[in-house]
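Multiple structures follow.
Next come two complexes built around subunit A: one with subunit B, the other with subunit C.
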Partner chain A sequence: MNEKSHLSSQFDDELGRLRSHVLQMGGLVETQISAAIDAYSKGEVASVKHIVETDRKVNDLEIAIDDDCAHLIAKRQPAASDLRLVFGISKIVTDLERAGDEAKKIAKGVRRIYEAGQMPSQYGIGIRHIAEAALVMLRQALDAFARLDAALAVKVIQADVDVDTEFKSIMRQLITHMMEDPRTITTSIDIIWIARAVERIGDHAKNVAEHVVFIVEGRDIRHLPKENKESKE
Partner chain B sequence: MSNHETPVLKAEARGLNFYYGEAQALKNINMPIYDKKVTALIGPSGCGKSTYLRSFNRMHDLYPGNRYEGEIRFFPDNTNLLGSDVDPIEVRMRVGMVFQKPNPFPKTIFENVAYGLRVRGENNKRVLEDKVEHALKSAAIWEEVKNRLQDQAPNLSGGQQQRLCIARALATDPELLLFDEPTSALDPIATGAIEELVHELKKRVTILIVTHNMQQAARVSDYTAYMFLGEMIEFGKTDQIFIKPQDKRTEDYITGRMG
Partner chain C sequence: MSSPLTRALLLALLAALIAWPVGHFFGAWVGWMLFSLSLAGQMLLHFRYFALLDRWSKAPVLDATLEGEGAWDGVFGRLYRHEKELQRLIAQREQEVAMLIAAGQALTDGVILLDEHNHILFCNTTAEQQLGLVARTDRGQPIINLVRQPEFVAYLEGHDFARPLTLRTERHEGTVLSIHVIPYSGSRRLMQVKDMTQSDRLDRMRRDFVANVSHELRTPLTVLAGFLETLQEIDPAADERHRYLDLMAEQSKRMQLIVQDLLTLSSIESAPPPENQPVDMVNLLDKLRRDAQALSAGRHTIIVESDGQGDLCGSASDLASAFGNLVANAVRYTPAGGSIRIVWQATPEGAEFAVHDSGIGIDAKHIPRLTERFYRVDRGRSRDVGGTGLGLAIVKHSLNRHQAQLEITSKPGAGSCFVARFPASRVVGL
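Up next is the complex of A and B:
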């Protein structure tokens, strides 16, 4: 990336502000996810309300950042690395916002399970583990964005395979549960929804990482076979 | 990513050096110009864009002390445009030029366009009328001037004058058209008309255009070359140059980081 400053210092300020807003938004989504994990494993139903409230801030930031991107394109006509940055950011915020939505789904699922008098962590063994893995993916994707580190982004993309594999094994385990004891079906279905949301968070983190590779290297690596996703720089 | 056909060479600079007396203005330029494509030349002021452009129609020959080395091959006949056995007048028939400031002759609209044909020895009135009309139509100015062909050309608006100069360049059926910042003296509407015209013209003729307007280069060209201090730094597909240039100097220039 380009560390030299623009002839227009205002342009530099605008790009800098845009980047820090994305990181701020990313930070909020991270707290949503980690609060959702806590709610799940410790039964902190109170934090559900907090997650939902944070979601509003996340949505507002998404709109503000998109709006800034549109203004910046109209005013500055960014090219090359600047263009890739603005374009990449406007995609990153979509994935961040959706990752936040998934956290909200987890929180609501947890609340339903507790209200039914159950302990979710008794059923979905392994969920906490992949949820933490997905959170690490998102954190690293945001680090990769902050440092424009394509190699780290590629690692995140590779980690998504593990989350997907674990998700499938959790599904198998829950299905076995339901067959063994049909009374667990209601709770198990809620847990499937939670596992599904976790898996989606991993996907969004992977997307963010792919956008980072595009910003840094100008390669669109979405939909490429795995072996072609290695960082080139 | 719309066309996948391999481009055909129309011209190619090979080891081109150019000197204004002692001062070297072009340094070992190697660059293809593809047939019926638009190639944009960009780069900071004084980097040699106009010097390079003028080499194609031997304009430098008009001044003593100017010197070329290397060659510019012109296809399909593989002529070296810079060859000492090649007649510059003949070259200028095949390679037309349009300048930054519209420069119509102080003659009628008709005579401006007929000029090149007359130089070539065409005197048949019908043929002249036919070719003038065709050139004015190709330059998208026919509708505006068809009823005033005997008016003085300098009375036209700036944008009209520029399209008239394009018609003048087109009248001799050139194979390559050179544009040196053709819209820098025009308003956005007149600029849009010229850009539209460039897009139309490339169906028939190869175009090499110098512009200081990055968006214009991105809009009108298929290929872009970045020049710096007399050197060709980077040549590539326009999409690639504006999204992911390979050379840091190109990147700095098009993102406005020169300094």
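Up next is the complex of A and C:
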């Protein structure tokens, strides 16, 4: 929460509402991703349409929140931590929107595989596993934003390495698959797209976490070597 | 005691009475000086006590050292008593609040209090666990910032709380919560969160069971009916007819097996507790090994390990069929070349019978449901190897009747391990 009390409590309300909107958008993206994981592992192709529709809502929210940010800056001229918050929010929504896009890609990939008469889940359980890991990362990044908890955000940033490593091992597995039996190439390529999208979701979650560290501590830790990302506390 | 005003006047009069004769003998100015000095002294005394009071009022604490004399004594005394009473009241109220909070914490349902803007005022530990909240830091935070699922947000903002909301939370896989919002004292809200996972699971099991029984029986019945119809309409050649009849016999045998297993299951469920005869484990293990070898037909390595101690106590036929079932499963789901290890050993709690295999393994999400009736990890495969889908349900029930626990651990691709743990009361000759 904002430790300083503002002269105008209306400004506080506006900032609070803005934060809530971002987290609502995050909630939509979270359900999108978990629905996409379900579609992948349980074959619920019916939910694909719903995921695509949710993406439209997410897009609208991104535009609305960005617009609110611009208005807030113009009207209130926030300074210091408030300015960081507004800036951070504007960046976070971009990453959230992209994570939603990746969920849409997963859903469409799943539908393609099913339409080709294949079962995606037989291609390694690894994907489901990293997808869940990426979803947990995003959830924690959003929790860190809600609580302005830089320590949790740093944890999310560190978790991204695991998702990346697992992504590489899935790639190796799929390459072996394709070499053994060229008939699986079409499906394998679709699976690669899905794995790639999952890995990107992890990256976006990491970006969100980095923005949270920026909002809380005022340090920009993007592109820093790993050891410098530790929280100051 | 006289009022402070009379006391002050009396003191002034006394000073005047002394000063007047003094002034008379030593000159007027000496008399006036003495009079004003005594008045000033009186004032200084008052001022000192005023300064004490002033300092105290800036940080009022219960302070017995605050003492005065004359009029001030009464004032300080009353302040002290007032302060003491206040502290007692505060302590009492604090205790009452703490008791209310403890009562809220003790509830097995999650409870969250929200203000008019849905900010969290209070949440108990159950609610913390259910919804991933942290009471210490999340107080004052809008709840929709932390429970972000769109259906929850819509429910909370919809203002229609006649029906509870069923929410599948994503923080714990497979948990189903029922959330009921109750408005109270104007625009505040009490949120009650119930964990419905267990009853949801039971509901699903019941539905699945009926659907599964019908499905399992209908499949062979469809085949039977199809062939009967064919035979009614055309008169096939002798060898063709033979083939039909063979297939029909096979399907009716399948149905018979299912019905038989269902009957076994229901008889185990309603039967009296098993008799208490000792079961010779050496013999039983030997029989299990021979059966496994026969079923495997040389495709697997079968090892029996036993520490030679202890026999079981219970129904010999029930135990033999339960163990046989576990071993047969291991043989069926282990590809050729794999190994199966049957272990009987004493443990600190009693004894355990374990079957380890190097087979295909079971994904973790299936394990809790394996012993449900007709639950199948892979429908096609399990029917190919001739299962009715009731084997493990029967095993679990017969083991339960012997107070044994069935524990399943497995790693996909690496193999599974089924362990039946018996309590010491079921083991003799240790």
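Convention: the second predicted complex is superposed on the first by the 230 of 233 C-alpha atoms of A that agree within 3 Å, B and C clash if a C-alpha of one lies under 4 Å from a C-alpha of the other, contacts with A are read in each partner's own complex, and residues count from 1 in each chain.
Here is the rule we go by: contacts are C-beta pairs under 8 Å (C-beta built on N, C-alpha and C of every residue); 3 or more make two chains touch, one makes a residue touch a chain.
In this text, all values refer to a predicted model and were calculated from it rather than measured experimentally.
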Answer with first, second, both or neither: which of subunit B and subunit C does A:Pro78 touch in the superposed model?
first
Going by the contact rule set out at the top, does A:Lys108 touch subunit B (first), subunit C (second), both, or neither?
neither
For A:Leu28 in the superposed arrangement: first (subunit B), second (subunit C), both or neither?
second
Check the residue A:Ser20 against both partner chains and state whether it touches subunit B (first), subunit C (second), both, or neither.
second
Report for A:Phe11: first if it touches subunit B alone, second if subunit C alone, otherwise both or neither.
first
With the two structures laid over each other on chain A, which partner does A:Gly218 touch: subunit B (first), subunit C (second), both, or neither?
first
Subunit A residues touched by both subunit B and subunit C?
none
Can you tell me which positions in subunit C touch subunit A when the two form their complex?
132, 134, 137-138, 140-142, 144-146, 148-150, 153, 170-171, 363, 412
Contacts from subunit A onto subunit C in the complex sit at residues 1, 16, 19-20, 23-24, 26-28, 30-31, 34, 125, 135, 139, 142-143, 146-147, 149
In their shared complex, subunit A is touched by residues of subunit B numbered 214-215, 218, 241-245, 248, 250-252, 254-259
Touch list for subunit A against partner subunit B, complex:
2, 4-8, 11, 77-84, 217-219
